[in-house]
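The same chain A turns up in both complexes below, where it pairs with chain B and then with chain C.
Up next, the complex of A and B:
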């Protein structure tokens, strides 16, 4: 009996100790970043590199630069399992931590983002849903506290059509062409549909929408339909296991991989590796470079991992979703630096960070200073435009690594922006929000 | 609307009979994959009368262990043997820590215990082998080829053959061996089985070990398609309508139920799915199972339950 008690006490003690060790100390005057992560659950293969990317970039800023203009960064992870309910609980738990409260939230889930949007304005904590969440939030007049730069699902869908037009020899070649959208049957998965439908009317291609239910472990029916339809191009908005299975199924029906393009949540290393050689040639959209050859990665290996490259690799350094988190963390840090330019070099409040986000102007020269020249594109946010409509680039899997295979492809702003403004106006009317004026 | 529901799909089938045949064949092959998962549930239900909530996680645990060993340089054949050994040890552990303390308890108590077990196994698997997705390749060919315009995949055929062999072996095991009869006796009444000298604990270890091995086969087949990751445990959801339809106590029921569900959901998704915006196959499988329940509450092959009051 004593032995059993000792074992149980030991397990409880070890669990408690590890919980403490996992939480970095929150020192007075630090700039606090809450981290909603999913290192467990069905989407953990995507969540782990994202969490590691944020953690490493914040650590890099502390170790290499001594913080943001001397203000040290503190951060705390909260496990959401990609579950909306847990995500909201994490938000409530972390929003008041740190000397000035949470700087900003990166929910990393469209479902969680939707739930946090009304809360953000009340709690005065900005949300940066970089490349996900509610696309209409691009209209800063209605969504004062939400940012989704550098680009959105709608812009991405329009850039995909632009890419197809480039590959086929012009927009006029789209007429009569067959394009299928294989999408996760969720709010996220359906985000691109209105844009693809609007562009189908404009350019005359035939669009087929094929929904795949969560989690997407079994997709034979979807790919039988693709086999029958014989589309010229397939665009995919998938997530988690849906991506791996879709790529495998596409290969098994001998679909031409060159014409199969995933969105930026359907193009990580975890998506292609399980499909083996069948994934060779598969493409996906992205808005940053792949791999670990960029200067910022060299800095991370040096200042975060003490030069230990194998340890860095084991922590996902250079993987697609890791790199995305590095870009995302950089945006947050630079927004605080921007805010400090106005409010002084101290820890910023959520309200001040919001100002920093809205006045963020990351030039190519600044990207070079940050070790990210060519890694991602310059961004200039404004009161009216929280998205910036940034371009995308296409990467392709060669069986061992992702490589960029296109130039930066502009989004079709003339189509997307009016749709954004209409959606935002509808949201404002439904929620009795008076849009602010942007000068 | 009535035309779209009642006429158009059938005209479509008649218009493209080769494609319809392909849909049915793919449905049958997919159904076998569902049966592989359902079998694990049936085995444990037969021996203990409990619905094993942890079966999906056992599939994940077995596949994680196999791929984890292979990643550490263990040859595939040895990794397979070691995984089987680990699943047997796990069965001993489950009997020792959980089942023997719950003899003759209500079914709901055992069910709750399996919920706890699923959390323990999930945590244990992720602690041992990590949460990253792992590619699983044990050399099963997966090339596609056409026969009379119907596209078939070698991997799907291999999986179907494996499932068929497994079902045949288990059916023989349950019906024609002493252990099989003892398993059925234990399922009927723990106390009565004990009173006639059936070693309850040994029977439980055997059945959980066999369920673990069936889980390993299911894990290999599903894991090779999607990579081995947490979501593998969610395929248990695909087995539920199969069980409802085939019956919780019938091995042949699991395979026939799987085939009906497999074909039914594929035909429904392709010919009626567009009317509902697509993605109807998951819920359609449950609707199909419920329709069967209206006529045979015990499932197609389930034992009829008669309780005297």
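Up next, the complex of A and C:
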């Protein structure tokens, strides 16, 4: 290689590097939402509808309402590939963007949430890990900057057991029953284990934990074990490509689909469609309605896609994970509205958004105004309780669409809450945090 | 013109044996170290430190570790991620059990644990070579990953199996945990990497390094001239794993802040191996160049299009980045199969004649 080429290459590299530090300037006075997304890699089937849901809801607020009380929303995506290291890089890149810094982070990865929890408190940026992340964060005294309402993995697992009891005819029927938990072998997948174990002790069912390694494309051995074990119920905590593989495998061993329940990250359209007919009857937990028949979807089609329904459909409108992102984006926007009620109609800082999240009170009437009546449930967050322990519903796949097949199933709060408080206290002790008091 | 050694006479053995025998090199390295210690913390943004420089230095240390084993001793290893995992998890376990012990001492002990594990997994190297050894070390990667996932004792039985760096102080300044500033963490990483790189540089120039290279070049010949393969190979495994262990400890405590076994998966091992191969086998400088290439190039590629005002969809941009990065690897390996360090060597030779080459 010629010396000249070498030097040129060196200069080119150096210019590139020096320019990295500069980030694009954004319009003044905007409320900035950072978006950690994954549109590539093995988790893209789950990541794309989520990213589209956020983008469309923010666009809807801008196009329909002219922003949040007149404050325009700006947002920027950063690709994480569901990888914790890239997630941290994205966080550093986006946290100071916008006129008031990042409003709040929705990491959409339990691993990334774990990374960001300690940092967020220092940088004063709230984290809204809606139904994922560290369950102990439900204790707002220790985790001031983290919110995981409307409900958590532990609450969800307890509600699943509650659902099984309902189906079998009472908690006493659980005794001697075999329940298997097929989970992603990561912080995320393991979250539900302690609750399932505690409840196994309480109700006397036999729990088998089956871990599936990242990314979950190979599950023959797991399902062979299930075939041998013949569990009465299988609960699954999967994500990305793992879900569709598991459903296909379950179908191939003729497991009774009615008794196969995924958690709320294991029940989207992309998970069941590849399994074809085999997936019919598969159930999953959720906390919002499926489909695109709600008022908010009509608004999105009208204001974001200009009435073009086929384009909306191509952008996942109405898919389960898309709807979840819409609910999540709505929580974020409403938190800012709540904060504006106290601090005035301007772009909110992370600190003010945190106040808004903690005092968030979305009533049924408010949901109706938002075009989400019946789509999801009212939520009221408090200082001590960042989770609210909301109930879940079970949805079932009929081969063409998801439909709700149960009432709202309450979580077993008397079991879960003490566990949350113990875990939070341990975390506080380990990291030398003095819990604040809530009045 | 400037890069000339003419007139630099060595009058003692000490002068002849210095690490950097050429005056310009000495000044160059001193200037780089000064910039790294003083200049960078003054000007670099938090993003630059946290997302670019800290990971670069940590991976450079891991690459040095692997280079000692693969580049100098010729033993291919795919267990790097596993040995880093030992470092990370043992630091967590030790510092939560003994919170009052200085964190740097904990790093060293965690490194020693990794060294012990490396010693054990190095035993097969006495019997098997080349690709077969690579497969045996692959077992280390998977076994260690499984262990740290399965045995709750290592992560204090917390429900998710994630380890989190607690705040620890050094001379009254918080250097780990969320409250430690990026500048402080960068300086700590830099100090550790500088010391260890210097140690490695001296190690490979001395008797130990020479015996490694003898084993690498032809083990039978080395044995005949009196080098014990057992001792030499195991020493390479032990010291290499020590370096990787410290790198893993820094990764959790000074960079990420928390981690699960996923952070040290097989991709990590490959990544470090690529750094060593692209940077240059058997070169300390190459470890730095390789780490810089592998860590920094993707970041530049991600940030480049928006800077030139090109607004690409994020997924397309990612895919372009992956393709460009892949072709750059191929390009460099075709241009110089001996790695970036060799390119630098060629550049140095040309510089001596510049601007009047003959």
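Note that the second predicted complex is superposed on the first by the 414 of 439 C-alpha atoms of A that agree within 3 Å, B and C clash if a C-alpha of one lies under 4 Å from a C-alpha of the other, contacts with A are read in each partner's own complex, and residues count from 1 in each chain.
To be clear about the criterion, contacts are C-beta pairs under 8 Å (C-beta built on N, C-alpha and C of every residue); 3 or more make two chains touch, one makes a residue touch a chain.
All figures in this text were calculated on a predicted structure; none of them were measured in a lab.
J.: Quick one: is A:273 in contact with chain B, with chain C, with both, or with neither? Answer first, second, both or neither.
T.: Once the two structures are laid over each other on A, A:273 reaches chain B alone.
J.: Could you look at A:134 and tell me whether it touches chain B, chain C, both or neither (first, second, both, neither)?
T.: Only chain C; A:134 stays clear of chain B.
J.: Touching A:118, do we find chain B (first), chain C (second), both, or neither?
T.: second
J.: A:78 in the overlay: touching chain B, chain C, both, or neither? Say first, second, both or neither.
T.: In the superposition, A:78 contacts chain C only.
J.: Once the shared chain is lined up, is A:244 touching chain B (first), chain C (second), both, or neither of them?
T.: Touch partner of A:244: chain B, not chain C.
J.: Go through the superposed model and pick first if A:212 touches only chain B, second if only chain C, both, or neither.
T.: Only chain B; A:212 stays clear of chain C.
J.: Which partner, chain B or chain C, touches the larger number of chain A residues?
T.: Of chain B and chain C, the partner in contact with more residues of chain A is C.
J.: According to the stated criteria, A:40 is in contact with first (chain B), second (chain C), both, or neither; which is it?
T.: Touch status of A:40: both partners.
J.: Check whether A:92 is in contact with chain B, with chain C, with both or with neither, and answer first, second, both or neither.
T.: second
J.: Would you sort A:421 into first (chain B), second (chain C), both or neither based on which partner it touches?
T.: Neither chain B nor chain C is touched by A:421.
J.: Do chain B and chain C land on any of the same chain A residues, and which?
T.: Common to the two interfaces on chain A: residues 39-40, 44, 185, 211.
J.: Quick check on the complex: what are the chain A residues that touch chain B?
T.: Its residues touching chain B are 39-42, 44-45, 48, 185, 209-213, 215, 217-218, 220-222, 224-225, 227-228, 240-241, 244-245, 248, 252-254, 270, 273-276, 278.
J.: Where on chain C does chain A make contact in their complex?
T.: 44-48, 50-52, 55, 96, 149, 156, 158-162, 164-167, 177-179, 256-260, 262-263, 265, 296, 299-300, 302-304, 306-307, 313-315, 317-319, 335-336, 343, 346-347, 350-351, 354
J.: Which of the residues in chain A come into contact with chain C in the complex?
T.: The touching residues are 1, 3, 6, 13, 16-17, 19-24, 37, 39-40, 44, 77-79, 81, 84-85, 88-89, 92-93, 110-111, 114-115, 117-119, 121-122, 134-135, 185-188, 190-191, 193-194, 211, 214, 423, 426-427, 430-432.
J.: Can you check the complex and tell me which residues of chain B touch chain A?
T.: Of all residues in chain B, those touching chain A are 16, 19, 22-23, 26-27, 30, 33, 126, 131-137, 142, 144, 151, 153, 155, 222, 225-227, 229-232, 234-235, 238, 265-266, 269-270, 273, 277-279, 281-282.
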